[in-house]
Amino acid sequence: MKLEENEIFNSYFKNLSDRERAVFEGGITLGALFHQFVGAPVSLKNKELLEKSIEESMKNQPCVEDIKVEIVGDLKEDKYVSLDGNMLNVKLKIKVNNTIALLRLKYIKELNYPLMYVEEIL
Amino acid sequence: MKLEENEIFNSYFKNLSDRERAVFEGGITLGALFHQFVGAPVSLKNKELLEKSIEESMKNQPCVEDIKVEIVGDLKEDKYVSLDGNMLNVKLKIKVNNTIALLRLKYIKELNYPLMYVEEIL
Amino acid sequence: MKLEENEIFNSYFKNLSDRERAVFEGGITLGALFHQFVGAPVSLKNKELLEKSIEESMKNQPCVEDIKVEIVGDLKEDKYVSLDGNMLNVKLKIKVNNTIALLRLKYIKELNYPLMYVEEIL
Amino acid sequence: MKLEENEIFNSYFKNLSDRERAVFEGGITLGALFHQFVGAPVSLKNKELLEKSIEESMKNQPCVEDIKVEIVGDLKEDKYVSLDGNMLNVKLKIKVNNTIALLRLKYIKELNYPLMYVEEIL
């Protein structure tokens, strides 16, 4: 982005503290990741490439400092499934100025639900 | 959700203030909405139904109090397009206890970008 | 579409018989439907609206004469799930000149797989 | 897939000629690819990885012998866009017994539309 664009962009976030901005951007990225890639055909053959591709795609989003995507579940070599939200284990690091938020998308067995939450804000 | 599940669910958010939780859930919902429905075939024939369907789908998400989706752009009766992110004008109201966050997804001409941001936290 | 556009459009399909064109367009529509809407938040509250919205969205696609979408599964009023491909029961009618193809997307228990297939060509 | 599953699977396609089966599976794959990946964040940084990842993901689908995905358009290093259907240039090779179908997804300027069509059946 050009400098001028950056200023316009940031002007929309002046009403948020760094912590608030961090969890807002983190929420966007987790919601986007889930709903963009759920459904994608995956097997043992393309699991690693899909994980890496999701990571690099989401690194384009604002404030994403790092992201690690793991696709869990009993994948096979010769039969694919559609990527299910319950198969996603994501660790996301968002940086806003000096604030770091560590976020997570993970299947929670007690809830039978792939939960998005904030692990820690540093 | 059952009461016990609700407690487990909420235990993951104890480290966030109500404002932080509100913008986090708002971010998730905007990111989810965008990446779920972008690409959907839309024309004048199904515009209103798609808007309503996106609204009701996203109202399932945690803390979504209200949402208004408008698909803007020069749609036709007899030729469809794939829903583009730039065509989305969304007003989202998130409620966490007594805190209300008003969020927006809107195409910003100066950025040539469909921006997700927080308009106000009450 | 304008008349001239229609001619250009159809010129790309001269190498296909009506039967071939019908199953090609049917395949596109089933693949599109599945990968567009899988992941969408659904509960008993928005099930019918989502079904109707998928139908009307896909009716925009070329040669779609009729379509019936049913979301099956144990949905609840107060807890949503992400739409899973196994929950889709779709009947699709494609028309190319005088040829009608009836297609289906349905979960097949023996395959543990949501299968897309052609039921009949009339 | 196991042998028995394969037989059940193929039993659903006995009513199609090899040519019909080929264009049906080709249609599914093109429709799936488009609606799965449109919307994904892409810049010069992740363009190649996303192309490769789409290819390997779709190779899981039945009868896909080969596929080449090119993301066209004026991408930048430092500003991403959401993948638009008009940016997709796809060459798909489907094999059913001795029949090969070559399919294409490509933006057609005269139609202002990303067209899916069959180039040749061999």
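To keep things simple, chains are lettered A, B, C and D as they appear, and every chain counts its residues starting from 1.
What we mean here is this: contacts are C-beta pairs under 8 Å (C-beta built on N, C-alpha and C of every residue); 3 or more make two chains touch, one makes a residue touch a chain.
This is a predicted model, so every value here is computed, not measured.
With A-C and C-D as the two chain pairs, more C-beta contacts join C-D. More than half of the residue-numbered contact pairs at A-B reappear in one of the options B-D, C-D or B-C, namely C-D.
Centroids built from CA atoms put chain D at 26 Å from chain A.
With centres defined as mean CA coordinates, chain C is found 30 Å away from chain A.
Per-chain Cα centroids separate chain C from chain D by 17 Å. Multi-chain contact residues of chain B, defined as those touching 2 or more other chains: 32, 34-36, 39-40. Chain B meets chain D in the complex at residues 34-35, 38-40, 82, 84-85, 114. Residues of chain C that touch chain B in their complex: 1, 32, 36-37, 39-43, 45-46, 49-50, 52-53, 56-61, 78-80.
Of all the residues in chain B, the ones that touch chain A in their complex are 5, 8-9, 12-13, 15-16, 19-20, 23-36, 108, 110-111, 113, 115-118, 120-121.
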